[in-house]
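Naming follows writing order (A, B, C, D, E and F), and every chain is counted from residue 1.
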Amino acid sequence: MNETTGGVEMDEEVSGVVKKFLYVNRKAPYGTIYALESLEVVLIAAAFDQDVSLVFMDDGVYQLAKGQHTKSINVKNFSPTYRALEGYDIEKLYVEKESMDARGLTAADLIVPVTMLSTAEMADLMESQDVVLSF
Amino acid sequence: MNETTGGVEMDEEVSGVVKKFLYVNRKAPYGTIYALESLEVVLIAAAFDQDVSLVFMDDGVYQLAKGQHTKSINVKNFSPTYRALEGYDIEKLYVEKESMDARGLTAADLIVPVTMLSTAEMADLMESQDVVLSF
Amino acid sequence: MKFGIMVNEGPYTHEASDTAYLFAKAALEKGHQIHRIFFYHDGVNNSTKLTEPPQDDRNIVARWTKLAADYKIDLVVCVAAALRRGIRDENLAEGFRISGLGQLIESGIQADRLVVFGD
Amino acid sequence: MKFGIMVNEGPYTHEASDTAYLFAKAALEKGHQIHRIFFYHDGVNNSTKLTEPPQDDRNIVARWTKLAADYKIDLVVCVAAALRRGIRDENLAEGFRISGLGQLIESGIQADRLVVFGD
Amino acid sequence: MLHTVNKSPFERNSLERCLDYAKKGSAILLIEDGVYGALKGTAVTEKVKKAMKNVTIYALYPDIEARGMQDRAIDGIKLVDYSGFVDLVAEHRNVQSWV
Amino acid sequence: MLHTVNKSPFERNSLERCLDYAKKGSAILLIEDGVYGALKGTAVTEKVKKAMKNVTIYALYPDIEARGMQDRAIDGIKLVDYSGFVDLVAEHRNVQSWV
């Protein structure tokens, strides 16, 4: 199996199309696996030359919190992977300002640079997508 | 395996003790399996001669709603089983009034007779138990 | 129209796999195509052939197998999610295949709509 | 003191089985006893020997097996919940046994405390 | 676009967040436990009615019927079956599932 | 009695319901995603602080640390490890898990 493309042989039919893919992350890390498995999808998505955006809202903003130390719960800390996304040319990371405010968080609390959008701006972004994958 | 007692051979050690068991039902039926599998526990619990109480609160009150017709979602309608509980000597069914009010439900909307308690009364009931199983 | 479907929760525990199945069936009966059904997260548990529900209940796994046979639907189980949860070729039900996450992205590209069914 | 433990969610997907394990281990290390660990709902998926998590991740199933061996803990998987979800003797990991819901009630009676770990 | 909500508005924040996001002219389909958001006389009814001024709200009738809520849908909420669900997905450019 | 809450107060109603139920003198332990309820400066902080006048609130430190929230716990919330969790269960007659 081709590891980079997650089991897909690239052909013209796939590689010719560019769609807007939005990954919506609304869940906190570690309490459930959705955050980690969402990230695994995004890493594969990078191989497909699509127009990829990531949204972090509600408890999803906690995925990007600095200072995660998971040794005591014996789970892998996957937060450094968000820093690696740039290397995969995944650079459009959006965070909902209202979600940050409700949790007393600011951009300085996050491990990666993000674009902060209001709910209304996020709604516009969501509306403009071709494919929305929610986790 | 003994079906009635769910795999347990009754002996004096088990049958001599009477504890207060509370089953707390907070989830709606059909969206998840918790309501159904909680009921399956209660039916087995009946064989143990313990002091059993059932609490329905939050979306758990919907488990007792009249008029459930599940044919179109192709799932078994298990609501008639609540009516059968009396035959198992499980007669202490409590419903939280605040949860009913928030959902616009009254006792007449439920398929079984229940005791309606306020949140404060429910909290007292919960406090007085030996074992609390939450679904 | 060509639909892609993603199923993210296990059978019985969440209604998601029921809804996904009934949606897929309705789409097919209306003459639409299903490009692929992709099982992710606990959704991979839809594919175990060891399931044995009570006699009076629906058999969710068998129902997917039949749908795949009747309409030639591609049922793909994510390999990484499956290994974590104990789904392998040896307990995989007929009609399913195990492959990578690229199959999901490809479905997003090739299908006209991708619909997510989750918790 | 004698604890009973109920685990209601599958491994990896929810933290419940991690918390239950770390709780059980801490209790044992403090000299308490574990009367039984009962796996219900998706919790039955903690017992599949076919699981194969990534190399850098914890192996939740193997960890239960080792706990059972080290401390002689009774790990019981609910038969009805297991059959629905494709857990049978043939894919059951070492240290687990399949039995009925009465085992849970019995644990509630015989243990000094029963603690539920769920979603 | 089409939004789907499958959780009870009394238990989770997904309907509330969906209503924040659903732009004028878009559609919301309530399914599974989400159908409890489609009912008259509850603590969230007024919020839903208010949203109906800007968006069209649908509810999956098989899920309403399963839960015994046949006679309780808010007037103006459109009831659909699975075939109607398929039509809604086909008619809208994209779908956000508020899982 | 001891109450445990394992869900985020921003996503679900379990912390709120637990606070309704926790009687004077009882204890609440926040675990897993429930620890987000133990933090300063959030939309639920004031509600939690108010409850602390009547009940003792604990939070599982390994879960706080995993989430990078080490420096954010509300003053007066007691941080425990798994050993402390075991002690809390042993010290109280019964446990309600707000799953």
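Rule of thumb we're sticking to: a contact is a pair of C-beta atoms (placed from the backbone, for glycine too) under 8 Å apart; a residue touches a chain by one contact, two chains touch by 3 or more.
Note that the coordinates shown come from a computational prediction; the quantities given were computed from them, not determined experimentally.
Chemist: Counting one step per pair of touching chains, how far is subunit F from subunit D at the shortest?
Modeler: 1
Chemist: Tell me the fewest steps from subunit A to subunit B, where a step is a jump to a chain it touches.
Modeler: 2
Chemist: What are the chains that subunit C and subunit F both touch?
Modeler: Correct list: A, B, D, E.
Chemist: In terms of CA centroid distance, which chain is the most far removed from subunit A?
Modeler: Centre of mass proxy via C-alpha means gives B as farthest from subunit A.
Chemist: If you tally contacting C-beta pairs, which comes out ahead, C-E or B-E? Let me know.
Modeler: Answer to which pair has more contacts is B-E.
Chemist: What chain is the most remote from subunit D, judged by the mean position of CA atoms in each chain?
Modeler: Chain centre farthest from subunit D's centre: E.
Chemist: Centroid from C-alpha atoms only, then distance subunit A to subunit E, rounded to Å. What do you get?
Modeler: The mean C-alpha positions of subunit A and subunit E differ by 26 Å.
Chemist: Using the average of all C-alpha atoms in each chain as its centre, how far is it in Å between subunit A and subunit C?
Modeler: Computed value for the inter-centroid distance: 24 Å.
Chemist: Quick one: subunit A and subunit D, Cα centre-to-centre, how many Å?
Modeler: 33
Chemist: Provide the list of subunit B residues touching at least two other chains, using ranges where the numbers run on.
Modeler: Correct list: 30-33, 58, 73, 75, 130-132, 134-135.
Chemist: Could you say which residues in subunit E touch two or more other chains, in rising order?
Modeler: 6, 10-11, 13, 32-33, 62-63, 81, 94-95, 97, 99
Chemist: Could you check subunit C for residues that touch two or more other chains and list them?
Modeler: Residue numbers touching two or more other chains: 12-13, 15, 22, 41, 57, 80, 114, 116, 118.
Chemist: Following the definition at the start, I'd like every touching pair of chains, please.
Modeler: Result for touching pairs of chains: A-C, A-D, A-E, A-F, B-C, B-D, B-E, B-F, C-D, C-E, D-F, E-F.
Chemist: With touch defined as at the start, can you tell me which subunit C residues reach subunit B in the complex?
Modeler: 12-15, 18, 22, 56-58
Chemist: Provide the residue numbers of subunit F that touch subunit D in the complex, in ascending order.
Modeler: Within the complex, subunit F touches subunit D at residues 6, 31-33, 60, 62-63, 81-83, 85-86, 89-90, 94-95, 97, 99.
Chemist: Applying the document's contact rule, which stretches of subunit D touch subunit C when the two form their complex?
Modeler: Result: residues 10-13, 41-42, 45, 48-54, 57, 61, 80, 83-88, 90-91 of subunit D touch subunit C.
Chemist: With touch defined as at the start, can you tell me which subunit C residues reach subunit A in the complex?
Modeler: Contacts found on subunit C: 6, 40-41, 79-81, 99-106, 108-110, 114, 116, 118.
Chemist: For subunit E, which residues count as touching subunit A in their complex?
Modeler: Checking each residue of subunit E against subunit A gives 1, 13, 17, 20-23, 26, 93-99.
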